[in-house]
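Right after this note come the structures.
Both complexes below contain chain A, partnered by chain B and then by chain C.
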Partner chain A sequence: MSILLGVENLVSGYGETEVLHGVSLKVERGTITTLLGSNGVGKTTTLWTISGILKAWSGKIKFNDEEVTMLPAHHRAEKGLILVPEGRRLWPQLTVYENLYLASFTRRAREKFEENLEKVFNLFPRLKERLNQQAGTLSGGEQQMLAIARGLVSNPEILMMDEPSLGLAPKLVQDIGRVIKRLRDEEGLTVLLVEQSVQMAVSIGDYGYVMENGRIVLEGAIDELMENSKFKQAYLGM
Partner chain B sequence: MLELALTGGAITKGIIMGLIYGSVIGSVAIGLTIIWGVMKVVNLAHGHIVVFAAMMSAFLYLTYKGALLFTPPIAFIWIGLLGAAFGVFFYYTTLHPVIGHVDTMTLKYEMSSLMATFGFGIALYGIHYILPNYVHSYSVNPSIGYSIGAAGHTYIVFLGVVIMKSTVLMSVLGFLLTLVAYWLMNKTSMGLKIRAVAQDARALSLVGINPVKVKVMTAVLATALAMASGVLFLGYSTSVYPDIESTVSPLCFVIVVLGGLGSVLGTYFGGLFLGVMYWLTLELTGQQSIALAVAFAILLIAMVLKPDGVFSGIERKLSFRAKRG
Partner chain C sequence: MVSVFRRPGFIISTIIVLFFLVLGYLGNINAISRMYVSNGTDLMYYIGIGLAMAIIMSYAGYVSFGQAVFVGIGSFSTGYVLVLMNRSNIISYLAKIGSGGRISNTMLAVYFTESLLLAITISVFIAVVVGYAVLRLRGAFFAISTIGLDYVVMYLVKYITKTRSPFGGEELLNPSMGLTDMTFYWMHFILFIITIYVAYFVKISKFGYGLAAIREDEDAAEIMGVNTFRYKIYAFALSGILASFWGIAEAFRKSYSIGYFKLDKSIIMLVENVVGGIGSFIGPIIGSIIYYLLEWSFLTTVGQWTLVILGATVVVVVAFFPEGIVGLLKKRFPRLRKWLE
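Right, the complex of A and B next:
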């Protein structure tokens, strides 16, 4: 077992407000690790801080045995630490192709652009049909596919996804879940997943963390969590 | 008394002179459409930068007695390159403090960029008056643009209209400058990044691109184009003084709005259209102030009828953007 991403005692927030009060987590290579918790507990803040868009106030972020805590966000992305952000953050007036092409400018992505593009079209054939359509005119589901596709074209070493199924129909939520699982099984992709559909997250995840008020309060292999009655009651309503 | 001279000759002359003028003034507006239309920085310094370049090249041309290096067809290239460096200065002094770390340009940031660039423009205007040995108005030889290997007359007669060869040359160079800008914005990865940065800068850093670098590039491109076109403007008009800015700036804004914010070719066509309207009115009424008034009336009408720009579709039709394969 090898740890690809290690976060130790991460503290960060917005302006004067401290949101994360010392978050620690590990993501093992080739696994899907999920980060769960109710609204406003700091899941998105955790991912923005790991990606470097938010500065860490203290604590350590190690990626691939290298400390990246102080690196600017674009350097982390160059190393393959990729975030599919909450709310998609596409460039709405650029075409689908342009959105994907922009993700291929780093060295690691450029080398594999054609290959990754094929992979992405394979996963989301709808995108291939809409290559020259403006991203802002895609349906919500298609936009989410494009956001994930853009993440994959960046040629990630780890793909962090923030609520990829937000606002999608139950059928599409399952589809997205299947895609993530396929990426792990077939490509060996490492995933850190924040998901509001706990059902979907536990059905594909290997390991889980539960956050409350800016802290990790529970963690364990998904099987273990599923045997924890408190967890089941709080997050699965069982 | 206003007399309308509505003759065929006047119309022909108005159109020809208007196209020549429009090509030059259209290219002058390209820098503005890039920085305003694409990056959402309402650049009130644009006109000042154009006039600054025109003043500088006139000063050099007269100081060095028309040496080849300082004639507009040569000078517009290297003064444009100088403008690239000047763009870095412009960005870090004026734009970076305001928009350097902004993710998505909203109205609030457009307004603060407006204030910042206004200040930069005033400062640049002031420089004309504090430099030693710097007069406040220049007139250069009307054949200025045509002094390379020139033989024979400095004018040609076309359809009965007498045209200075140098103005034709300036308008051709304006067209070429436009093509270069169009190519950079629509066919290169730099242009793609520039188009993306105003929409979502943070998303650029998520795919490994430094958004601040892209903002610098935008300012560099816009300033380089502004300064290069300033030299063409001098070559065309043959006289320049700091206060000409108060004519250049509003015209640029009209043209950019006509052309559709951010559309390079649309802006150029906006320039041609405005040039023709201006010259037709001038030919028919003989009064420059009326011609300018007509230009602004066109803007008002255009903004009511087609707020997205009259010529913005041209770019969409001609542009293939980055496609696969």
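Right, the complex of A and C next:
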């Protein structure tokens, strides 16, 4: 297995406030790596810094054996480093089709647009029925489907998902989990998943990192983590 | 995808262009029809500046109080070409020897083109330099910084005209060219065709979609690979170029004056967009037509009270239909949706 994304000693934050105090993590190709931790420990900040919307204060981000630390976000998207942001962040006034069309903005996505669109409709047939509806008028679950679909249409090498189950009913959370698993198993997609539903995350994840106060405090294969009594107590209540 | 030429926006644009074409041909019949020609000229100007603003405001969602700068630059360019280059005497002389005391169309075309080139050059320069600095800001911060832009450029130009013009700092009177209202009408018409089709093709291009993504959620646009900063600068510059065209058109007709730089020009452009509806191509056109009709009917009935009433109208529109007329129509008549691109 080769390392697709490597982050070393990442420091970043907002304004004067340092949020990440040196985060290091690795994501192997074709796996689901989960980033766990309670609210406000810096999970979202980590993803936003990797995606390039937030500038890294120091540290290194390596993607596909290439350093991308200083690249602007749209260049990283061009290389296949795609974020599905928390709270969906769709373009609400635009239709479902326009949202998907716009997600194929990069050259790498444009080339495979038709193919990826087909894939996405297979995964979420509901979206095909809603093609000409404004994204803002979709239900919460449908919006999340569209957010993931948008990520997939942009032809990712790695898909970073921030809280894809946020605000969804338990059954939908399961569905989303199944979709992510299917993408790994069938497409070989690499996923970096931030998830508040630890149950779902550990049920599909291969490797896990646990964050506390802007630092990684625990890491390991999910099976190993599940044997760690501290982890079980803190995050699964067992 | 439907062919471009069969899309609603293209059809509507073409109908409007044909309307002005017919008006121009019918215009020279009698005194009344000539009045309509003058109205038509004004209307083209109002739609023109509305669409110029639309590119940065309706498409990209950035409210700019500075677009009047570009109208001003356009009118200054014309003033520069006709007056400050010390050609006034030549132009007046050409007019005298020309048929019926009018300069030839060739010379007019030369001066027109020179004004365009000068205006485009200055507009792009200012848009890129200023855009580089202020397009990093978002929302209200961007809007406020553009007010500063307006004043800085206005006083700069005032200084240039003051030191070099025989008329003081406020205006540059055109030399006598012997042109009629019909000539001005056709000059407006040329710029109108360019403006309306450029605005429409931008809207349906990849560039236009990128701007829509920026308007709806800028961070999401960046994540999905839109080079947001570059797109915003392009939009700012293109909006500026189109706005400068209308400064040129008006300056040929009425001479350059400092008034073209004034903030209320920007506010008119802004109101046209807000009233029509942000996010669309048709919206700013509808907004401009309504604005012009209201202003014209108020001016002829209540005179000085026009601005007060227009102001009140804007407050009502923003309070009750924040999505503008297009937004309202879309809600009430879903079947019209596809015509309201």
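Everything that follows uses one rule, which is that the second predicted complex is superposed on the first by the 238 of 238 C-alpha atoms of A that agree within 3 Å, B and C clash if a C-alpha of one lies under 4 Å from a C-alpha of the other, contacts with A are read in each partner's own complex, and residues count from 1 in each chain.
Everything that follows uses one rule, which is that a contact is a pair of C-beta atoms (placed from the backbone, for glycine too) under 8 Å apart; a residue touches a chain by one contact, two chains touch by 3 or more.
Remember, it's a predicted structure, so these values are computed and weren't measured experimentally.
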Request  = Assess the superposed three-chain arrangement around chain A: do chain B and chain C clash, or do they fit?
outcome  = clash
Task = Check the residue A:K230 against both partner chains and state whether it touches chain B (first), chain C (second), both, or neither.
result = neither
Inquiry  = Just checking: does A:Y97 make contact with chain B only, chain C only, both, or neither of them? Give me first, second, both or neither.
reply    = first
Request  = Could you tell me if A:K55 is touching chain B, chain C, both of them or neither one (first, second, both, neither)?
outcome  = neither
Ask   = Is A:L131 touching the first partner chain B, the second partner chain C, both, or neither of them?
value = first
Query = Hey, what residues of chain A end up touching chain B and chain C alike?
reply = 51-53, 72-74, 77-78, 82-83, 85, 89-94, 98, 101-103, 105-106, 109, 150, 154
Remark   = chain B partner, complex, touching residues on chain A are 51-53, 72-75, 77-78, 82-83, 85, 89-95, 97-98, 101-103, 105-106, 109, 131-132, 150, 154
For the chain C and chain A complex, residues of the former touching the latter = 206, 209-210, 212-213, 215-217, 219-229, 279
Key: Touch list for chain A against partner chain C, complex   = 51-53, 72-74, 77-78, 82-83, 85, 89-94, 98, 101-103, 105-106, 109, 150, 154
Remark   = Given the complex, residues on chain B that touch chain A span 189, 192-193, 195-196, 199-200, 202-211, 321-324
